[in-house]
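In the two complexes that follow, chain A is the common piece, with chain B as its partner first and chain C second.
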Partner chain A sequence: MNSLRLFFVGGLISYRALFGWLSPWILVPTFLFAPLFQIFLFVYIGRTAGVNDDRFFLIGNAVVNAAVPCLFAMGNTIGGERNAGTLPLLIASPAKRVPLFLGRALPVILNGFLVAVFALVVGALLLRVDLPPATWGGIAVAIAACSISCTGLGLLGAAVALRVRETAVMSNIVLGTLIVFAGVNVPVTAMPGWMQGVAQWLPMTHGIHATHDLAAGRSLGSVSGALLTELLLGAFYATLGLTLLRWLEWESRARATLDTA
Partner chain B sequence: MRLLRLVAVAWWLQLKMRSRSAFDGLLSLLWPGFFATTIFMMFRQGDASGPALLSAAVGSSAMGIWSAVSTTAAFALQMERRQGTLELLVLAPQPFALLLVPLTLSMATIGAYSMVATLLWGRIAFGIDISIADPAAFVLAVIVTVFAIGMLGMLIAISSIRYRTAWALGSAIEMPVWLICGFLVAINDLPAWVRPLSAVLAPTWGVAAMRAAATGHSPWANLGWCLLTAASYGVIAVLVSRWMVHSARANATLALS
Partner chain C sequence: MVRVAEPVIEVEELARTFHTRRGLFRRPGKEIEAVKGVSFAVERGELFGLLGPNGAGKTTTIKMLITLLLPTGGRARVLGHDVVKDARDVRGKVGYVFGGDRGLYERLSGLDNLRYFAELYGVPPRESKQRVGELLELVGLVGREKERVEGYSRGMRQRLHIARGLLHRPQVLFLDEPSIGIDPVGARELRVTVKNLVESGTTVLLTTHYMFEADELCDRIAVIAQGRIVAQGTPDDLKQQVTTGTVVEIEVFGLPDGVLEKVRAEPDVQSVAVDVQGQAQLLTVHAQPGADVTQAVMAHLEGSRFGRVITRQPTLEDAYIELVNAA
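Showing the complex of A and B:
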């Protein structure tokens, strides 16, 4: 019961306290305005470059924006504690680490999901891209899978934040990597072999591919393999993150310091 | 001469400080690089070649100049406030707007690093032939664009002084300016209602001048418009800053709450 309380109540309190982006002055420009302009930018560049159709860029850029809260909010679960001066209290607390950090991931997953759905729906309306109602359910499942897997990667980022002070820089670099490699604007099949190899190990790649297939009318069952891979990747990164957190926490205790410098 | 020395010394100091910052230095190089890489791949996928590819390379590289200024300029005065140096800047015996010129120029200069890095990246990684038809005019166009974007940054910095989370605004206007200023998309391809907005933004003229110099066309008219719009930002910034300083003196505070 204690773990469940820590998971749900602790996660929600931590999200509200540490993720300072919930202010409308940040939320509106960052989560509503910027994703739409990223979509418009690449749609117009795509038209200029003579590649693909508007729907391709709409889907890729809408879905990848789920990564913004997933990466930055998870980075803040440690970076924010450090800034607030509460990191030593967190490390010293007897709370179980798995519910503690996975609870912090839950609101973030929902946030990422909503950002991507908003960008996709409003982008489709403004660009007049047809997404048949029959595909909406499947696409929602694919976006949810992407949000979950990306939050797994964000948890790894949170662990690294125990040693790296510049969490915003780190999250931006990871986001940029996803934009280049995950098939957001260029199909993975059109990339060089080594890039395809990297893409297979990144969150978003399989989810975005599945979303394209679903929007094209394929059934949820036919993309279940891609979505399962996406979720497994998320679980892999989350496990890696929790393991790294435990190890770095142990090292911090052994060295009696949480200072990174 | 004293004013020039002030701007030069403060620009050099700010440039050294920013070069050592992971966010202003490293990320200003890497972030536009991610976008440029994607764009090079898109153009390669579309079998672009010759002038089209050169034009894309110039536009992609110029993105870094704006990228280095947009977020950091919007947040510049909040940072001074946080560091406790905003009062010192306002009290300095020089016009407040003038003190911000070297600050935002240093950001745009870091963007120029990013521009060179992106052009080299396009040449080395994507084999783009960077044959500039008129190198002297191109370098001049880059310098004028850096200056103009610095001035736009100054205007943004002053205008957002009372916006506590101005970095979010700066971050949000990064891509719209890339789009509507024709960094990669011809202005004529955008909806007609966007074009007047493009015309009052200095980067539109700066990028057009760089592209004209690179492809062997005359850049001078575009450079003239770029300088004119940049000068108008300076005038507006001076007026806004005077009003802001007057308000701070009247209320005896620069704090937000």
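Showing the complex of A and C:
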């Protein structure tokens, strides 16, 4: 019961506590306007370059924006505690770490999902890209899978925040890596072999690929393999993140870096 | 059979060394011994004070006891649990309150701060609501609990810290300079709260720079300086350790010639000082420990006009300063 409450109630309160620094004046432009600008930029680059597939750029750039809250808000679950001076209190609490941190991931996943859905829907309306209603359900599942897997990677970033003071720079680099490698603007199959190898291990790659297929009319069952891979990658990064959190928590007590990293 | 009370906090030769590095490349290392093998024990229901100057090792000691820092030497047990091996057991049974503005979620209300920490400490939901209400009342934040903490004054934040530390009814409470930044009324209320907690059976380890606070509250005190405990005992024990005895202060209007020398020549007088205060002179006489020189000094002043006469014992502050300076 305690673990469940910590997961659901604790996760929601901490999300409000730690991600609240993004006031509406920052939150709305970051989550609603910036993804649209990114979509417009790449769609128009595509049109200028003679690649007349607006849908490809719309999907890639809309879905990848789920990574913004997933990476930054998760990274902030430790970084924000350090800034507030609450990190020692969190570490000195007897709370079980797995429900504590996974609970913090839940609102972040929802946030990422909503950002990507908004960007996709509004982008499609403004650019007059046709996404048949029959595909909406499958696309939503794919976006949810991407948000989950990306939050797993964000949890790894949160763990690193136990060792370094600033995680926003790292999250920006990871976001850039996803934009380049995950098939957002260039199909993975068109990339050099080593880049394809990297892409296979990144969140978003399989989910974005599945979203393209779903938008093209393929069934959810036919992309289930890609979505499962996406989720497994998320679980892999989340497990790595929780393991690293455990180790770095011990190390921070040994090296006295909880206040001073 | 005689039952011997087992200490609630047992600290044996506890030590902590910090390694610091400077620069980016070929970083020269430096070792700082913050705590150099301190030992003490605190009984159940006792209020134990840890006094010392800034950087003496008080907070480092507390951080080791609440499992935030791993010791580099010695051992410590809290409620029978080793602070290194049984960290989780320790965490669930102790509370920790420190001074200062930080350590709260600014964007959340005071109420939500308490709710969240209640979740972290596994306080059952039904009990949590009641407990939060009780504590808000205890610390005088009823009516302000729904406001964001970012709008709280320093005193309100400190009171919220105290409520947070008590949420899970800890058996042992660590208070690290809890009255810092609180106004005199708030500090007095805090002392009453701490006294009540001790009366209800909570064991408290307190650090403070306010000597009157330590004197009023603590059953026993350890004075720590440069990472070592330099004295330990009740406040009265510590006062006894000072080389100064009773202090007599006499306000005299026109001190006769030669009186100063005569007083100084008294066998039990350790030192004499005169301070001119307007038309009066304040004669301050420090007696040898255990001696009372009031009558002897007054005899030398026969015929003089004098105002107030005060005889006071050496304070804990006198003892503290002497102990720390000697360390």
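What to note about this one:
In this text, the second predicted complex is superposed on the first by the 253 of 261 C-alpha atoms of A that agree within 3 Å, B and C clash if a C-alpha of one lies under 4 Å from a C-alpha of the other, contacts with A are read in each partner's own complex, and residues count from 1 in each chain.
In the analysis below, a residue touches a chain if its C-beta (ideal position, glycine included) is under 8 Å from a C-beta of that chain, and two chains touch if they have at least 3 such contacts.
Fair warning: this is a prediction, and the values are worked out from it, not measured in the lab.
In the superposition on chain A, no contact is made by A:236 with either chain B or chain C. Shared-chain residue A:89: touches chain C; no touch with chain B.
Of the two partner chains, chain B is the only one touched by A:166; chain C is not.
In the superposition on chain A, A:118 makes contact with neither chain B nor chain C. By the touch criterion defined above, A:136 reaches neither chain B nor chain C.
Applying the stated contact rule after C-alpha superposition, one finds that A:33 touches chain B and leaves chain C untouched.
Residues common to the contacts of chain A with chain B and with chain C across the two structures: 21. Put simply, chain A touches chain B in their complex at residues 21, 23, 25-26, 29-30, 33-34, 37-38, 40-42, 44-51, 166, 168-169, 172-173, 176-177, 179-180, 184-186, 190-191.
Residues 1-2, 5-6, 9-10, 13-14, 16-18, 20-21, 84-86, 88-95, 100, 250, 253-256, 258 of chain A touch chain C in their complex. Those residues of chain C lying in contact with chain A across their complex are 18-19, 63, 66-70, 88, 91-92, 96, 100, 102-108, 112, 115-117, 119-122, 124-125, 164. On chain B, the positions that touch chain A within their shared complex are 22-23, 26-27, 30-31, 33-35, 37-39, 41-43, 45-48, 56, 163-165, 168-169, 171-172, 174-176, 178-179, 184-186, 189-190.
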